[in-house]
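Note that the chains are named A, B, C, D, E, F, G, H, I, J, K and L in the order they appear, and that numbering of residues resets to 1 at the start of each chain.
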Amino acid sequence: MKVLVVHGPNLNLLGQREPEVYGSLTLADIEQELSDLAQRLEVSIEFYQSNHEGEIVTRLQEADQDCDVILINPAAFTHTSVAIRDALAAIQCPAIEVHLSNIHAREEFRQHSYTASVSVGVITGFGKESYLLGLRAAVALVQPS
Amino acid sequence: MKVLVVHGPNLNLLGQREPEVYGSLTLADIEQELSDLAQRLEVSIEFYQSNHEGEIVTRLQEADQDCDVILINPAAFTHTSVAIRDALAAIQCPAIEVHLSNIHAREEFRQHSYTASVSVGVITGFGKESYLLGLRAAVALVQPS
Amino acid sequence: MKVLVVHGPNLNLLGQREPEVYGSLTLADIEQELSDLAQRLEVSIEFYQSNHEGEIVTRLQEADQDCDVILINPAAFTHTSVAIRDALAAIQCPAIEVHLSNIHAREEFRQHSYTASVSVGVITGFGKESYLLGLRAAVALVQPS
Amino acid sequence: MKVLVVHGPNLNLLGQREPEVYGSLTLADIEQELSDLAQRLEVSIEFYQSNHEGEIVTRLQEADQDCDVILINPAAFTHTSVAIRDALAAIQCPAIEVHLSNIHAREEFRQHSYTASVSVGVITGFGKESYLLGLRAAVALVQPS
Amino acid sequence: MKVLVVHGPNLNLLGQREPEVYGSLTLADIEQELSDLAQRLEVSIEFYQSNHEGEIVTRLQEADQDCDVILINPAAFTHTSVAIRDALAAIQCPAIEVHLSNIHAREEFRQHSYTASVSVGVITGFGKESYLLGLRAAVALVQPS
Amino acid sequence: MKVLVVHGPNLNLLGQREPEVYGSLTLADIEQELSDLAQRLEVSIEFYQSNHEGEIVTRLQEADQDCDVILINPAAFTHTSVAIRDALAAIQCPAIEVHLSNIHAREEFRQHSYTASVSVGVITGFGKESYLLGLRAAVALVQPS
Amino acid sequence: MKVLVVHGPNLNLLGQREPEVYGSLTLADIEQELSDLAQRLEVSIEFYQSNHEGEIVTRLQEADQDCDVILINPAAFTHTSVAIRDALAAIQCPAIEVHLSNIHAREEFRQHSYTASVSVGVITGFGKESYLLGLRAAVALVQPS
Amino acid sequence: MKVLVVHGPNLNLLGQREPEVYGSLTLADIEQELSDLAQRLEVSIEFYQSNHEGEIVTRLQEADQDCDVILINPAAFTHTSVAIRDALAAIQCPAIEVHLSNIHAREEFRQHSYTASVSVGVITGFGKESYLLGLRAAVALVQPS
Amino acid sequence: MKVLVVHGPNLNLLGQREPEVYGSLTLADIEQELSDLAQRLEVSIEFYQSNHEGEIVTRLQEADQDCDVILINPAAFTHTSVAIRDALAAIQCPAIEVHLSNIHAREEFRQHSYTASVSVGVITGFGKESYLLGLRAAVALVQPS
Amino acid sequence: MKVLVVHGPNLNLLGQREPEVYGSLTLADIEQELSDLAQRLEVSIEFYQSNHEGEIVTRLQEADQDCDVILINPAAFTHTSVAIRDALAAIQCPAIEVHLSNIHAREEFRQHSYTASVSVGVITGFGKESYLLGLRAAVALVQPS
Amino acid sequence: MKVLVVHGPNLNLLGQREPEVYGSLTLADIEQELSDLAQRLEVSIEFYQSNHEGEIVTRLQEADQDCDVILINPAAFTHTSVAIRDALAAIQCPAIEVHLSNIHAREEFRQHSYTASVSVGVITGFGKESYLLGLRAAVALVQPS
Amino acid sequence: MKVLVVHGPNLNLLGQREPEVYGSLTLADIEQELSDLAQRLEVSIEFYQSNHEGEIVTRLQEADQDCDVILINPAAFTHTSVAIRDALAAIQCPAIEVHLSNIHAREEFRQHSYTASVSVGVITGFGKESYLLGLRAAVALVQPS
C-alpha cells in the first residue's frame, strides 16, 4: 500500500511563512514525521509539492497508476481550483484533505473548499498533526480494521 | 489525562439512522472502540450524549472541572447552536469537533459550523474513524510528542 | 393504526397567544376535535406537547416503536431546528407537517422550514382545520383507499 | 355552495408527466374522485384547466359571479405569475392552494410561491389527497362546523 | 398623431379590485377621461386591455404600423415579463410606463420593472392622474413644444 | 395654493452637466417653464436648490408653514438620504418626486429611492417634462377635478 | 424522423428587431435555410412560432405524438417560464435549446435559463447558425453516427 | 410591582467566561446590585437563569401570572430562538432586552436579534449597567412618571 | 463632569413628527427632563441639534475639548453616515447611542447602525426614557460606582 | 483556413473520467472525428491540451500568428480563469466555447463562465458532437456561406 | 497649471485621529510637503477641507473655473456620497482619488467607492505618500511627458 | 536597494491587447521608463513577467533573498489567486500593487482584489504612470525621506 502526499502552493515556505498561523516546523520536518509514521504503519509514502495548479492536476491524474490513497493539502488551491477538484473526481484513488490551520477560524474566503466535497473527508486545524492523522485515516480507509 | 466525548442529538440512533449516510455501527460500538484506543493511549475517557442543547451547554461548562480536552460531535447543533459555541468559548478546556459524514458533501446548511471556529480543529467524513482520529488529536494536543 | 400528534413550543398557550393570528381555540379544544375525528376514522391518537427541542427529538425517536404516522406542528422549531429535521429523517415513521396560520403570509423567516422537506407534505393556514386535514392525510397515507 | 377547481399548466398531462414525481393518476381520475367527494359533501364542483396564464386570470376574475371558493393548483405559475396572484387578491372569493408534490423537497425555485400569501392556506405533497383535502378545507371554510 | 393605451392583466377589474390600493374608478371611467383629454390635446387615442402576455406582445408588435407612441400600464407583467420588454425594445414606437399605485411603497417584488428601462420614462402613484399625465408626456414626446 | 419646488445637489449645474444624460436646458430654463405653467394653472410657485442635505431637510421641515405641496428632485440624495426621507415623512405636506433621466435605465445604485415610498408618486425620465408633469400632478393632488 | 422547431415570442419580428443584436435575416429566411438543410439531411421539419407561453406549452405537449426531437428558441421565455420547462420535462421527446445572440454577453437576467437544464444541450451566439447547428445536433442525437 | 429577570445560556459562567468581553463580575454580583436597586426603587424582583431554551420559554409563559415586566438577556438565544420570540409575543407582559457586551461591535451573526423586535426596547454594551438601566427602564415603563 | 447631548436630523420636529412612532413630547420637553436629571446627578449638560451631517461631525470633533461623554441620537444619520462614525472613532470622548423608537422593529434599513459599533453601547425603544437612561449610562461610565 | 482546438485541464483523461458525465470516448477519438470533419470541410486543424492555465494563456496569445479561429473547451478553467478570458479578449482571433456536458444541468459553480462572454458563442451538452458542431460553427464564422 | 486638493471629513483631525491607522502627521504637515513638491514641480496648489458633503460638492463644481486637476481624499464620503460622485462626473476637470490607509485592508463597507469609477485613478495605502504620488499623477495627467 | 517588478498574465501582450483599455505602450516601453526612473532614483530594478500563477508564486517566494520591495501588477490573478496572496503574505518583503486601468470602472469581478489587502497599497488607473508612481512609492517605503 502506497500513500501519495500532495502539498499545494507556498507549503514549501513552511516554518518561515506566517509562523503564528502555520507553526515553525518546516515541510521537511513534517515529511520526516510522516515517513516515520508510515514506516510504523508499514505503508509506503511519496511526497509531492508544487506551486503550480497544472502540475498538481497532472500528478493527481497519475495517482491511479502508482498509489492507493492521496493525502492532499491543496492550500490556496482549496478555495480556487475547480481543475484540482475535477482531477480528484476523475480518478479512482480516494483522497483525504488536510489543512494545518483551522480554516473555519480564518478569512471568509477560506471557508469554502472546492475539493472537500470530492474527498473522503477533511482534517483541519491540528498543525503537523493534521498530516499525521490524515495518514492514519488513509491507512484505515484502505486497510479497514 | 481525561477526555470528555460529547455526542449531539440523534447520535443515540446511530446504526438505524440513515445508514447510507452514517454507517451501520451503533454508538455503543463506537464508544467501545474509543475506550479500547483510550486504554492503549493510556488516557481516561468519559461519554455523554444528549438531544438537549441546554444539557450539552451545562455539561461543557463543567468540563473545566473534570477533564482536559473535549471531543465533540455536535451533530445538528453544529449548524444552529450559538449557545454551544459560547460554552466552548467560555471554558478553558480545548475542544475538537468531529463528524461521521463529510459535511462538505451534504446540504448547504450543513456547511456552516458555529462551533468549528472556537474549536482547535475539525475532522469530518471518516465515519467511526473521525472519532478515533479525534481521540488521537486530543491526546497529541494535551501531550505533544 | 396509531397517530402521534406533536405540538411544538408555545402551542400550549393557544387561545391566549396572539388570537388574531392563531384563533381563540385552546389546544384542548383542538385535541378534542382531533380525538372525535380519530374515533370516526377508527384510528388511535396520542398527543404530545413540549417547549423543549430535545424532548421533541426524543419523542420522535420513539415513534417507530409505538405509532404509524406523525402529525407535527413544529411551531417555532420549524424554522430553527436541524435536530428535529434529523430525527424525522432518522425514523421510518412518516410525518405530516401542519401549521395553524398561513406561514407564507407572515415574516420572511417563517417561510423557510427545515422540517418540510423531510415530511410527506405540509398543510398550512387553515387554523384547527390544518390539524383535522392533517389527520385525514395521515390516515390516507397509511391506509390508502 | 360551489367549488371551482383550477388546474394550471401541464396538469392535463398528469399520469404521463414525470410519474415518479406526480404519480400515475390522470387528471380525469382525480377529478372523478373530487366529484365523488363533492357529492358526499353535498357541494357543487366545476373543473377548469389551462396552460395559459391569461385564461386562468380571466377565469378567476369570473369566480365571484359563480362560485364560493376556489381550489387552485397553479403548477408552474405558482412560482412565476404575479398576474394570478393579483387576480386572487382582486376577487372576494377565497382560494386554497394545492400541490401534488411536496414543493419544499424540490428545486429551490419551486419553494417560492407568489400565490400562497394571498390564499387562505396551502396543502402540498399528498398527491391526489392534496386535492381531496383541499376540497374538505374549502367546504370547512365556507361552511364552518 | 395617435396614442395606443395598453392595460395589463386585472386592470379590467378596476373599481372592484382592492379599492384601497387602486381607487374606485373603473377602467371605463379612466378611458373616458383619457378620451376627453386626448380630444383637448387633439390627438387620436386607442385602448387595449388584455390578461394575456402573448396578446399584449402581439399588439405592441403591431404598434409601429398604427400609432406614434404607447402608454402602457403592464400591471403584474411589469415585474415578470421579459417578452413584453423585448417587444418594447423591438419596435420603434416609444413607450411610457404608468402605474396607478406607487409601486415603490408596495411589496419588494413590485419594485423591479423589466419594462421601465426600455421605456422613455415612468409615472407611478397618482391613480387615474398617472394615465392623464402619461398622455401629456406622450404628446410632449412626439410634439415637443 | 402654493407649490414648493426643491432641487437637489448638482442640479444647479444643469445644462453643462453630462448633457447626454440630463439635456442642455439650464435650471433657470426649467424654472421659467414651470413659472409659466404655474401661472396658467393659477398656482403660486417657489424654487429652492441646495447641494446640502441638511439645508434641504430644514427647508422641507418649513414647508408645512408656507406651501401646499412639494415637487422634489432629490437627485443624488434620492439614493442616500434617510434624513430627507424622514423629513418628508415628518411633515403633513405631500410630496411628488421627479427625475430628469430615467433612473431605471441607469446604474444599479440609482434604482433604489429612499424618498419614493414616502412620496405620493414618482415621475422619471422625461427631462424638463418630468417637472412640468409633476407640477400638474401637484395641482391635481391638491385641487382634484 | 421529424424535427419540430419552436420559436418563442418576438422572433416573428426578426430582421426588424434590434438588428445590431439579432441580425438582419427574417424568420422566414432562417426557416428557409433550415428547410434546405433538413432536406439535405433527409429529415422532416415543422415550424411553430408563438408569442403565447400557453400555446408553446400546448404545442410541446403534443410533440410526443408527432415528432422525434425539438429545436427550441424560447427567447424571452427562457428566463421566465417554468411552465415551458415543465412541459419539456414532462414529454419524452428530447429538446435542444438555441439562441441567436450570445446570452452570456447580455443583461444579467438573460444569463439564467429555466429550460437549459431540461434540454439536452444549448447552442448560443451564432446567429442563424445557432439554428443550423441545432438541427445537426438534433439529427445526431436521434441518428447517432 | 414585580420584575422578572431572565438570564440566558452561559450567563451562569459570568466572571470566568471571556472576561475581556463580559467583564469580571459574577452573575451573583450583578443580581446583588439589581436587588439593591430594586429595593431603592421599591419594586419586587425575581431571577431566573437557564441554559435550556425550552425552560426559558416555559418561564416566560408563566410571567403573565406572576410579574409585571420582564428583563431578559437571551444571550446566545437572542440570535437563534424563534421559540423565545414567540413566547414574548404570546404573553401580555412587556419585555426589555439587555446585553452586557455591545453586540453591534461583535460577530456578524450577533447583530441580528429575533427577540428585539418583540421587546419594548434594547440596552446593549454597558456591562452590569445594562441590567441596572434595564431595571430602571422596566420601572419607568410600568410606572411612568 | 460634562455631558454633550447631540440630536440628529428631524429631531427638532419632535412632537409633530409621526407621533405614533416618536411620541408627543417635544425636544424641549425631553431636554428639560434631561436637565432636571443632570442636576440631580450633579453633572453639567449641553444640547446640540443639527440637520447637517457636517455640523455634527464638527461638533463631535470639538467634544474632546469641552466634555467628558457624548449622548448621541444620530437619527437618520445612524444608517447612512460613515463621517459621523469616523468622528466618533477619531475622538477620545466615549459616546452612547440612543434612539426613541425601537429600531429593531422598523424598516430593514433602520436595523443597521454605522455608529453603534464605535459607541460604548446603545439604548433603543424607550421614548424619552432612552435619553434619561442614556444620561445615567454616561454618568456611570465616567464615574463608575 | 486553420482552426486551433484547445482542450483544458483533465480532458486528457477523457474516457476514464466520470464516464456517466463525459462519455466513454477518449480525447484521441474525438480528435480523430474532428480531423475527419476538418478534412471534409477542407480546413486545417491543430490540437492543444494542457492542464496549465498559464500554458493555455500563452498558446492563445500565439493564435493570432498561426490560426483563424479557436475552438476551446476551457473545462474547469471556464469557471475560474480571468487570465484565459483576458487572453481571449486580447487577441483578434475569434473563439468558440464548447462543453461536452450540459453545464446548465450541473453544479451551481459550473453555471458561470468567465470565457463565454468574450467568445462568439457557446455549444454545451452534446458530448463529442459539441466539438463537431463547434468546428462547423468555426468554419461558418470565418467562411460565411 | 493649478491643482486643487480636497480633503473630506475628519481629515482636519489628522495626527490625533486613530494614529495607528492614519499616522501621526497633521494635515498641515502633509499640505506643507505637498506645497514643497508643487513648487519643485512648478505647479500651483490650493487646499480645501470640509466636513460638509454639500460644501465639497459646491467646491468641486467651481473647479472648472479655477483649476486643471483635482486631488481628492473623500474620506468617509468615498463610501456614501453619490452627490460628490455626481459633481465629479458633472465637471470637466479630471480627479485623482487618494486614501492614506489601504482601504482594501479595512472594514467591508470601506471597500466600495462611489467616487473611484468617475476618477482617473486611485492611490490608496501609502500614508502621506498617497498625496505626494497623487500630485505627481496629477501633473503627469495634465502635462504628460 | 533593489525593486522587483512582477507583471502578471497577458501583460506581455501590452500595446496590442485592447489598446482602448490598456493604452498603446508595450511592456518594453514601460520597463524602459521604469529603468530610467530607477536610475534617477538610484535603485536597482529587475523585471519578471509570467502567464503562470505558479511561476509568480515561486518568484515571489525568492524575493526575500534578492530584493527589498516588490512592485506587482497581478493582472487577471488579482481577482482569482489566493496562492499569490498567500505568497505575498508569507514573505517579509513588502509589495505594492499597480494596475494600468482603473479597475473600479470596469467589470464587477475586477473590483475585488485578493492581493490588495496584503499589499502596502494600490495604485490603479494611471496607465504607465501607475508603474512609475509605484516605483516612487516603493522607494519612499524603503527609504522614507
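Annotations for the structure displayed:
What we mean here is this: contacts are C-beta pairs under 8 Å (C-beta built on N, C-alpha and C of every residue); 3 or more make two chains touch, one makes a residue touch a chain.
All figures in this text were calculated on a predicted structure; none of them were measured in a lab.
Path length between chain F and chain K in the chain contact graph, taken as the least number of steps between touching chains: 1. Between the contact lists of chain D and chain G, the overlap consists of E.
Looking at which of B-C and H-I shares more C-beta pairs in contact, the answer is the pair H-I. Here the repeat of F-K among H-I, K-L or D-G is D-G, since over half of its contact pairs match by residue number. The mean-CA centres of chain C and chain K are about 63 angstrom from one another, to the nearest whole unit. Each chain gets one centre point, the mean of its Cα atoms, and the points for chain D and chain F are 47 Å apart. Per-chain Cα centroids separate chain B from chain G by 54 Å.
In chain F, the positions touching at least two other chains are 52-55, 80. Going by the touch rule set out above, the chain pairs that meet are A-B, A-J, A-L, B-C, B-H, C-D, C-H, D-E, D-G, E-F, E-G, F-I, F-K, G-J, H-I, I-K, J-L, K-L. Per the touch definition, chain L reaches chain K in the complex via residues 102, 104-105, 113, 116-126, 129-130, 132-133, 136-137, 140-141.
The touching residues of chain A, when paired with chain L in their complex, are 8-10, 12-13, 16-18, 50-55, 75-77, 79-80, 109-110.
Put simply, chain I touches chain K in their complex at residues 52-55, 57-58, 61, 80-83, 85-87, 89-91, 114.
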